[in-house]
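One structure coming up, written as structure tokens, with questions to follow.
Each chain carries a letter (A, B, C, D, E and F) given by its place in the written order, and its residues are counted from 1.
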Amino acid sequence: MAQFDMPLPDLERYAPEIEEPDDFDDFWAGTLAEARTFDAAPAVERVDTGLTQVLVDDVTFPGFGGHPVKAWLTRPAHADGDLPVVVEYLGYGGGRGLPYDHLQWAAAGYAHLVMDTRGQGSGWGAGGGTPDPVGSGPASPGFMTRGVLDPHEHYYRRVFTDGVRAVDAVRAIAGLDPERVAVTGGSQGGGITIAVAGLVPDVVAAMPDVPFLCHYRRAVSITDAMPYGEITKYLSVHRGPEVEAQVWRTFSYLDGVSFARRARTPGLFSTALMDATCPPSTVYAAYNGWAAGQADVAREIDVYPYNMHEGGGDYRFPRKLEWLGATL
Amino acid sequence: MAQFDMPLPDLERYAPEIEEPDDFDDFWAGTLAEARTFDAAPAVERVDTGLTQVLVDDVTFPGFGGHPVKAWLTRPAHADGDLPVVVEYLGYGGGRGLPYDHLQWAAAGYAHLVMDTRGQGSGWGAGGGTPDPVGSGPASPGFMTRGVLDPHEHYYRRVFTDGVRAVDAVRAIAGLDPERVAVTGGSQGGGITIAVAGLVPDVVAAMPDVPFLCHYRRAVSITDAMPYGEITKYLSVHRGPEVEAQVWRTFSYLDGVSFARRARTPGLFSTALMDATCPPSTVYAAYNGWAAGQADVAREIDVYPYNMHEGGGDYRFPRKLEWLGATL
Amino acid sequence: MAQFDMPLPDLERYAPEIEEPDDFDDFWAGTLAEARTFDAAPAVERVDTGLTQVLVDDVTFPGFGGHPVKAWLTRPAHADGDLPVVVEYLGYGGGRGLPYDHLQWAAAGYAHLVMDTRGQGSGWGAGGGTPDPVGSGPASPGFMTRGVLDPHEHYYRRVFTDGVRAVDAVRAIAGLDPERVAVTGGSQGGGITIAVAGLVPDVVAAMPDVPFLCHYRRAVSITDAMPYGEITKYLSVHRGPEVEAQVWRTFSYLDGVSFARRARTPGLFSTALMDATCPPSTVYAAYNGWAAGQADVAREIDVYPYNMHEGGGDYRFPRKLEWLGATL
Amino acid sequence: MAQFDMPLPDLERYAPEIEEPDDFDDFWAGTLAEARTFDAAPAVERVDTGLTQVLVDDVTFPGFGGHPVKAWLTRPAHADGDLPVVVEYLGYGGGRGLPYDHLQWAAAGYAHLVMDTRGQGSGWGAGGGTPDPVGSGPASPGFMTRGVLDPHEHYYRRVFTDGVRAVDAVRAIAGLDPERVAVTGGSQGGGITIAVAGLVPDVVAAMPDVPFLCHYRRAVSITDAMPYGEITKYLSVHRGPEVEAQVWRTFSYLDGVSFARRARTPGLFSTALMDATCPPSTVYAAYNGWAAGQADVAREIDVYPYNMHEGGGDYRFPRKLEWLGATL
Amino acid sequence: MAQFDMPLPDLERYAPEIEEPDDFDDFWAGTLAEARTFDAAPAVERVDTGLTQVLVDDVTFPGFGGHPVKAWLTRPAHADGDLPVVVEYLGYGGGRGLPYDHLQWAAAGYAHLVMDTRGQGSGWGAGGGTPDPVGSGPASPGFMTRGVLDPHEHYYRRVFTDGVRAVDAVRAIAGLDPERVAVTGGSQGGGITIAVAGLVPDVVAAMPDVPFLCHYRRAVSITDAMPYGEITKYLSVHRGPEVEAQVWRTFSYLDGVSFARRARTPGLFSTALMDATCPPSTVYAAYNGWAAGQADVAREIDVYPYNMHEGGGDYRFPRKLEWLGATL
Amino acid sequence: MAQFDMPLPDLERYAPEIEEPDDFDDFWAGTLAEARTFDAAPAVERVDTGLTQVLVDDVTFPGFGGHPVKAWLTRPAHADGDLPVVVEYLGYGGGRGLPYDHLQWAAAGYAHLVMDTRGQGSGWGAGGGTPDPVGSGPASPGFMTRGVLDPHEHYYRRVFTDGVRAVDAVRAIAGLDPERVAVTGGSQGGGITIAVAGLVPDVVAAMPDVPFLCHYRRAVSITDAMPYGEITKYLSVHRGPEVEAQVWRTFSYLDGVSFARRARTPGLFSTALMDATCPPSTVYAAYNGWAAGQADVAREIDVYPYNMHEGGGDYRFPRKLEWLGATL
């Protein structure tokens, strides 16, 4: 059915209990500490793009394990002073592509860094350039179940760490204002946005659109769409309560709901009521938990009643531009 | 099958005879003359977009029948002298959307005008704003068969005229260089590009990507994909040789192959060998006829062997930027 | 799921509040008054069909705006006295086709007029012959959203008016009994049937099958099937609460539930429990509102538990023949 | 691809060698002789339909094995003298349905008998009423492979015999002219039409539309559409050259190409160039063989270039009415 | 949706009232008595398979009506004493195939008989060899509605009887232990398993996996998947309350829920929560009714939360091997 | 179309030129030499399966890079002398599953080792247990393009090496005859079989079924089915002649056609004419090149004209059992 998830009033109240391990914070503190031991400065190379109004740098920074992660940094050719920065994470399967595809924030006077998602970037668009040098046990096609039997091995432990390190990287680049770094992204990029906001509480704003990677267990029970469906496929082959328990335990270290609770920065979400890829109840589970217990942290959510996973689409940029301007 | 059309060497030689009516040039001369009797200057209204590096104007110009046609004009905030202009036409079903979606050419120092396609803009993207105030006889869903029984009534007579009038409009706007107007577009936008290049021989360059609206009859015989399939659907209901003859006669006034022959400006095409929407043989039929008999008119075509209708995708902009820079 | 809408007992009680504008009756009174200023008599031309038992006339009558609307009138070759008449409206996308496809009512001793739906008739069947000379703003492919931002401009304002004028037309044709005019149709034709019954209270009977065009808002929330899905598509592109409010306001002038309440003639409905195109709850919303407050107006509904949108199919004609015979 | 089979000029010349067993004629002479030993007169019961212009009889006649076969006989209520008769056979999966669905020929002054296809009639429409009391070995879902290992056991041996016995039956019913019996049908009904024309050379005309059951072997090699695909499915499970040889041998007794060669009556065919269900080359294989060696036997074929299996659709009745009138 | 049926806690309590005719037991007692009048001993022919560790017999036994039914009997080449036997029934559309596909139970020291399902075996796999010599009235493609208007004529009356006679057969074969016969099967084979367990209370164990043929009426209301969907198709054509009542009455003699209640042997079920072919609520309806009123009869059910109709797949054999070993 | 590739007579002659690098043999000699430096003996652990007639060992052997690769070894419980061995490789996406699924060869008196395909085993079946500890650059979902820019990095370099090391492993296990090791597998397993036969010329027989991984370039041009389509997807994103050239160069080290030419052992192939996954021309390209220049090396191919990728299915085991018995 079209609006297949809960009715909107129920969504607005939806605050499920989810499994959260006791050592969640230790797990992530350790992970980030280890990653930050690889503390090389980001490599920043100016690129000749033919563009006259926008400066483009090809950035390489050390991510999880010190692995090199690629990003494009764009900024206006005509600017004064240190620029506020928007760090953007990408949707599932895509890569940073070409710098010509990321000009909006620069046109609005911001610096913008778009980070590759390691190993991704051959599914759509113009390609990614960042390997994931870590192998895995048997996994269903895609990335969701790589390392699914151990949270230390899981693919998204590496990706979320890359996301944090991207913020670290922009804070080290000349001409950018380390006090004014916002994070954003759609779908998988929205999930990473939430994770980074939970792990780096002093980013100035978080703007996740139709975020993925939230409340996995509910997602799997109400939709068979990919990529949540990769988990279903894995569990449909690796049957049995032990495997199932371990899979959910692994994801309990990676759930956007838990990250959202730890956020301490204003949040602007969006969701779509016909979105079977990232069902609205999974988005609201994170949104309703945002900055748990901190009533003074602003949050807003835009609801698109007639959209599927494309959500607000092109309408999101001006909306976020205005909101971020007001927030900074 | 994957590469379902002719092998590439055959494509490179493919130069089919197509039906072209004796009064083709008269038909279009009359059409344009009549349209130009509606000679109001384009309305150009500056829009507050929040962008700091790009100026945006909301343009309304008189199209076919003097009907108001909407467009976005973008240009760099920091520029000297009259700017070269790229006029862009859109793919089937989309509208001009929001100005934030059209920043590439401005970032490269060009003015850029993107024209709504009348009546379209509710199929994908962020919407169009241009009505088509002309009704039609029974037509299959979509635009291909509106007015299909009479070339004077056909929808694309109006659209191609709008395309010509868009060039007229930018030539009348202050700050733009009327001698350096190029045209471009993908799919339907590529078809309009070819038509405008055939009707306005002094545009400085034409850059159609995976163009639609070429060699309709072959298209219908080798693919059942939409929107060429709208013609099939029409003829599947309105059966009989008389209707069929009239339909093909109508399209003989609207065929990209005939427009391409009349072009007198350098052309940069692209096509994809797995493109079932705009099969490569229909593209080559136009490409191989480009500027017929004018060996000195440059033309190039980029072939994407592994792509469907997305063709070169994001790779097209830098390719066109470089080619256009060299051509101007 | 198979029977995806409400359980039957709930359907039987389903009487939702729907938005109805205060000036609903004025809107339609004005619309019909204006249409009736085009008061030419219907043109009736006898057609040589090769049939020996049925007389066929090609009828053209003035519809909305006085635009010519085509219809086939069939009646038995052997008949005495003025005939009762069944006016039939067509399903979405089809046209009146050929007169050979409409022989049932004539074979049963009735006159039968089947009206083209303007602009339709190229989607299936044997074609329509009635243009819709009115253009529109951007609309998703199909007819549902043509003029959707203003009830005066909406496509179905014209079609419902044509439907009323078809009744006016048969009442002016010799040999037909103006006191015994019934209306019927399936799907879109059922929606028009309900509208005409609400606007022309003195038709003698209304027989809508699996009617479309009822309770649009619920339809859009529970099914993504076309053509209701055209509204979803429109709203998915033209995002935002203002557009949404205007769209629903426009449809509030066109809702079968409001027309049904105004009916004053016996009604025979049908619905199917697996019908995702015209979900049973939207049909019951109209059925349960039929002749609101008039307990003496007979109504019946036949429920097909195992059918999709085909509903009762061929079983409907004998059922309606018997019911209508008993009603007249 | 859209027009996926041979180009039309090749189709017009296509006259393949097909396997035909030496005892083909003996097989069928024996089959019919045996069936005619069940020589009960057809039961003809007048039905009260509510129709005033058409008389309807519920006919039961002895088919293969003397099994009762149901049919509807319709004729004009107002008629003089013995009527010419059109016997019609049905498409795959359907049944005779309700008599209200078969009024065209009666409206044109003909008697019309529509025969159930044994065992079918639960796939679409309003149902059939004729059992097939004969079981079979393992068969893929459907009817094509019931008894496929022995031509004596094959389902279509029974059906074609029923078709012949339907002609015998109408020749025995009062008020019908036994000298003027034509046969027609679409798809499966077209295949039966060809078979009956080959087995009963003195029918006065045969009008098969988009006929099925012709040149099975080519069909299976160029299309995977059902129902030819049932043969593919059977052979995909029952693998091996012996089974394959037996299957093709069985069908060699049942091939429309062989029946067509034996026809001695004028034939009006139709085919559609986008018909993947009954590909045009299989139709032309029969058409080009029609009345082999009898140059004076008239034949015509109507080609629908833009249609799939619906072929000429509603346009067929007036075309056949005119052609049959000229032929009689 | 993914887990589309009831939540697991509701499933565990689900015990619906279903229609059960008063003469259910008489119907089946009579049916079996009549079948057992065909009391020929099973024919057992040793087959040369090239296998050295497993002995294979080609078994033919008299089923319903004494019709010959084929089966493979496999047993270990190295064994002492009379062997316990597992009788297995097959999923819908398949046949016994080749003996090489049934080696698991023999490898574990059991005799194993796999029974053809009459008329089936051309849909997938390596083929069946058992005809169903009984014809039927019109039926939708497949087996579900053959004879659906009379329980005496229904296809599954014959199949269930064959299933009982298979148990009778193995009890008559030398080297097999007639006291230790278990029954099993998946999907259709699970449905037959339940029926046989209800009709032959002294089998020692029953192991139905994802069983089909249980609570037909609910199945049809919540899924449109085949083969339950064959019933829907039949009722969608043969419309009306009388036909519907008769269809459900016929199935009331064939419902796994009623058979389950009569079982008196331990049962091991399995079901999958994403199984739209045999929805879990229909499985639980039988499971919760197993051995009604006999609290001492053991039953277990394994639930696969992330599987569709494949259920436990390859994991079932070791699970059943262990459970059966403990049960015997 | 059904039999969409070349006609059979053309297939039988099809011997395309394919790109083969000069250092092909050096590349593989170096690869195997390096792998064999990890020369630990295979770990062989007896498993308690509940089976009485078959002995099962859980085998772990060092594959590429010395990485542990899992396999099941089954053999008859009752056997004398060293057993001949069949090594089997698996189809794409599956894992070794449970030992109960691999009993056929043991039942026939052979030892049988089924090797996990590293990283696979979560797509279907009962799971794999072998990680691929090597990461990769961006790749389309699946395994085909992992490391596609460098033959040293490509996934199948590792897998083919694992395949060779599996043969090495069985030759080191007691009770198995190192002189009588045959290799087999279907689809991906067939591709590995061919590779191993080309790299280990003294295996005694090779039996690839519907092999994958042959003539990649033709495959991509004639089918869009996965997994060959993963290459298409990669090239559709990573556009341009340089990338394309590198991709094809990488595959030139991995092409079954080149391995087939180097085979020196009898080969039994199978292919299916409707197989769009591994089109028959790609299979024949390898088959026709088998043991190039060695006329005395026996080869046979079984053709299944009516099958898709399932090919000969269950019929393959007895065919291979008989052929292998005759070959040994």
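Convention: a residue touches a chain if its C-beta (ideal position, glycine included) is under 8 Å from a C-beta of that chain, and two chains touch if they have at least 3 such contacts.
The structure displayed is predicted, hence computed values, not measured ones.
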Given that chain A and chain E are copies of one sequence and touch, is their interface built from the same residue numbers on both sides (over half shared) or different ones?
different
Going by average Cα coordinates, which chain is farthest removed from chain F?
C
How big is the gap, in whole Å, between where the Cα atoms of chain C centre and where those of chain F centre?
63
Roughly how many whole angstrom separate the Cα centroids of chain B and chain C?
39
Approximately how many whole Å separate the CA-defined centres of chain A and chain B?
38
If you look at chain B, which of its residues touch at least two other chains?
125-126, 239, 313, 315
Taking touching chains as linked, do they make an open path (line), a single closed cycle (ring), a hub with spokes (star), an all-linked set (complete), or other?
other
Return all touching chain pairs.
A-B, A-C, A-E, A-F, B-C, B-D, B-F, C-D, C-E, D-E, D-F, E-F
Residues of chain C that touch chain E when the two form their complex:
1-3, 274, 304-308, 310, 312-313, 315
Spell out the residues on chain C that touch chain D in their complex, using ranges where they run on.
49-54, 76-78, 97-98, 100-101, 103-104, 106-109, 125-126, 313-315, 317-318, 321-322, 325
In their complex, what parts of chain B are in touch with chain D?
4, 220-224, 229, 232, 235-236, 239-240, 244
Residues of chain D defined as touching chain E within the complex:
93, 95, 119-142, 145, 233-234, 237-239
